[in-house]
Amino acid sequence: MSNLLRRIEIPIFITIIFTLIQVIPYYVYIQPLDDAAAYIQRWILICLALATFVGVLSLLLTHGKNLQKRSKGWYFSAIVVVFTIVMSIVGLPLAEVGLGAANPIYLFLYNNMLQPLSGTMYAIIAFFIAAAAFRAFRARNVEASIVLLAGILMVCSNAPIFTVTWPPFKDIGTWIFAVPNMATNRAITIGAALGLVALAVRTLMGIERGYLRGGGAEQ
Amino acid sequence: MVDLLAIWTAVFFTLAIYSILYRDTAWYRIAESVYLGVAVGYGVSVDLLYVRNQWTTGGWSTPGVMLAGFAIAVIMGILWYFRFIKQYFYLYRWPLSIIVGTGIGLALRAVIFVQFRDMIVAQVRLNLWVPTNMLTTFNNILLFIMVPCVLLYFWFTGAKIRETAPMKVVDKIARYTMMAGFGSAFGYTILTRFSMFIGRAQFLLGITPNPPENRTAFIVLALLILGSMIVYDLFFKKKS
Amino acid sequence: MAFLEKFMDMDRRWVYLLSWIFVLAPLLYPLGLPIPINQESIGWYNYIENIPAGSTVIFAPMYGTSGIPELFPMTVATMRHLWSRPIKVIVVTFWTEGALVFNILLGQVDPTSYGKVYGTDWIHLGYIPGSETAMASFARDITGTVSADFLRGQPTTSYPIMANIRTAPDIDLIISIETGTPGYTEWLRQWQAPYAVPMIVGLIGVSVPGIAPYIQSGQVSAYLPGLTSSAEYENLIHRPGLAVAGVDAVSMSHLMVVILVVLGNIAYFASRSSKGGKK
């Protein structure tokens, strides 16, 4: 029985069924199928929300091992574990016992730790980009020159100091956005759409199994 | 007092991340570890709140199809956690298949229209002769040429047909078009990244609506953190 | 030419220091550079200004704390503009941190100062997990997908604003302020394609190039690209805020990048030609 349940055909079959339940009623109105699609769309959100502890457990397992073995940098793992547990517990939606989004510890951690840390993590890329632009952005050949020229003109177009000094910078930037950039992205969009359709067809045929990998050999 | 603690905590963590600009430091590692813990733990609150609301006010507690559906959803939710048990890993694939299948179905049914048909219709509808506006005419002609060239460039990657003379022209047009497009992306990337830095700088300097006390904390903590890194490099790093 | 080689290979921390100077200086000592108003912000302003009275609009802050520096100013300005008009606003998000981002806004902007009543003129539905699936479910069954509001935890059907709101066709416009996925592509697939709900999108600079085809095709009716346009918009609604305060720093930082790239290339070509001469 256990060997039967392990077979890879079961999740592939489930994927195909649930894909068709969403696709068919969109093109062919069949009342029961349409109702089933709507029901599943709502139902699946609960399923997804209940997976919330997967990330927490993964983190605790990885850093818990470091902590246990006293590996190099284990004290940083201790910090990760402590803050994961504290944030998870104080955020539980139990307003009756004072936990949840209104909990003062939760709000403190969100407003004074998560917000500045998250914002700064992404903000730091500005420095790396500036340094990279200085060290690597070279007009080595025709194509690199086009990238350089378009890039610099776009930078000038986005900064009022340039557009006030010489207003045509804005028009040039608008042209670059509306013509070569638009052409590139339109082609990429169409290509991506075809790629998505191909991926969906492969998944429906059971050829695409990448999402099922892991946990040892497939049956 | 709590406000002061809040301000100094936020400023400290901001500067701790920025310490990486000097070099990899313990300050940065501490901040990174805290970020990891808090970010992963944060989602628990909003996800479980949604489930709770659906149970209490969403009708899932109604006996019948709804209650049965909720029970099955909870069981599927529990199956997610079998990914951590190698022996029963196959159970984790079932809710995953449901999610993937539904997601692919929802995306597939509309992508044909939104990202394929509508794009082609818009391309075909380009007006190649606008007598009142020669610039628009010129732009539309360029688009009429550029988009198919870039598409052909992608589609025939690695094919022998790329060696033919017409395709070499197509390749050149496509490459130059894409280079200009990527240059545009670079320009906007600079805007985004520096805008994010400016937002953090406004916070550190206490510019309204940020509390003005931030500036004091910024100056003091910046000197302390920078000083500690320099002192470590001068006196302790050599010895080790 | 040894100087040029040294210049090109200089420690990147000098570039970091320059970045700090070029950003902090104009924030501490504003230059007061004029902010020209461009077509994107005019288009955005006009679109919101021309929303018919009595319309119901979805406002979706689809970003987390990482996007606050660039998107929060336009979020605040847009909400001020919406609340100054006789239209109903439903706030909902499909990003985990979006709900709390909007709560930060509520700490700075008081809707009652615009005469707006919670539950009648606007409502905060919070976060719905599930990304594109949640957006599809929300379109099919709004009050079923979100059964309780975020601020008070009461059934959504108990609020007057939700009295005639059941499915996507009951919504007149989507305003999405976003940084990535889920974003405008998912809105287009799940709301615009099946139900023809118009949408306008405010987005970070990095996402702007990708939206160009949708602007040209008319699938997205208006867009607001990044911090500079946010500053222009703040001026249009006569409520200068963080974006206006930061525009001088945008100018100086961009000037620094241009100077660095130009100098780097001059040094590169000079160094190359001197090496070629020595041969």
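Should a chain be cited, it is by its letter among A, B and C, assigned in written order, with residues numbered from 1 in that chain.
Keep in mind that, in the parts below, contacts are C-beta pairs under 8 Å (C-beta built on N, C-alpha and C of every residue); 3 or more make two chains touch, one makes a residue touch a chain.
A quick note: this is a predicted structure, and the numbers were derived from the prediction, not measured.
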**OP:** Compute per-chain Cα centres, compare each with the mean of all protein Cα atoms, and return the closest chain.
**Re:** B
**OP:** Report the chain whose mean Cα position is at the greatest distance from that of subunit B.
**Re:** C
**OP:** Using the touch rule from the top, point out the two chains with the most contacting C-beta pairs.
**Re:** A-B
Original post:
Could you state the distance in Å from the CA-based centre of subunit A to that of subunit B?
Top reply: 6
Subject >> Distance between chain centroids, defined by C-alpha means - subunit A, subunit C (Å) >> reply: 18
**OP:** Could you please state the distance in Å, as a whole number, between where the Cα atoms of subunit B are centred and where those of subunit C are centred?
**Re:** 14
**OP:** Two or more other chains in contact with one residue: find those residues in subunit B.
**Re:** 21, 42-43, 46-47, 49-50, 54, 99, 102, 106-107, 110-111, 114-115, 119, 122, 181, 184-185, 188-191, 194, 196-197, 199-200
Subject >> Multi-chain contact residues (two or more partners), subunit A >> reply: 26, 41, 44-45, 48-49, 52, 101, 110-111, 114-115, 118-119, 121-123, 126-127, 133, 148, 151-152, 155, 158, 177-178, 181-182, 184-186, 188-189
Subject >> Of all residues in subunit C, the ones touching two or more other chains >> reply: 16, 19, 66, 68-69, 97, 99, 128-129, 133, 136, 144, 153, 194, 205, 208-209, 213, 216, 226, 228, 250, 253-254, 257
Original post:
Which subunit A residues qualify as touching subunit B in the complex?
Top reply: 5-6, 8, 10-12, 14-23, 26-27, 39-41, 43-59, 61, 73, 76-77, 79-88, 91-93, 100-101, 106, 108-127, 129, 133, 142-144, 146-155, 157-158, 173, 175-194, 196-197, 199-200, 203, 211-212, 214-216, 219
**OP:** Name, in rising order, each residue of subunit C that touches subunit B in their complex.
**Re:** 13, 16, 19, 23-24, 27-28, 66, 68-70, 72, 96-97, 99, 108, 126-129, 131-133, 136, 144, 146-148, 153-156, 185, 188-190, 192-194, 204-206, 208-209, 213, 216-219, 225-228, 242, 245-246, 249-250, 253-254, 257
**OP:** Quick one: which bits of subunit B touch subunit A in the complex? Just the residue numbers, please.
**Re:** 2, 6-7, 9-11, 13-14, 17-18, 20-21, 29-52, 54, 60, 65, 69-70, 72-74, 76-78, 80-81, 83-84, 86, 89-102, 104-112, 114-116, 119-120, 122-123, 139, 142-143, 146-147, 150-151, 153-155, 175-191, 193-194, 196-197, 199-200, 203
**OP:** Show which residues of subunit A lie in contact with subunit C when the two form their complex.
**Re:** 26, 38, 41-42, 44-45, 48-49, 52, 95, 101, 110-111, 114-115, 118-119, 121-123, 126-127, 130-131, 133-135, 137-139, 148, 151-152, 155-156, 158-164, 167, 170, 174, 177-178, 181-182, 184-186, 188-189
**OP:** Mind listing the subunit B positions that touch subunit C in their complex?
**Re:** 21-22, 42-43, 46-47, 49-50, 53-54, 56-59, 99, 102-103, 106-107, 110-111, 113-115, 118-119, 121-122, 181, 184-185, 188-192, 194-202, 205, 207-209
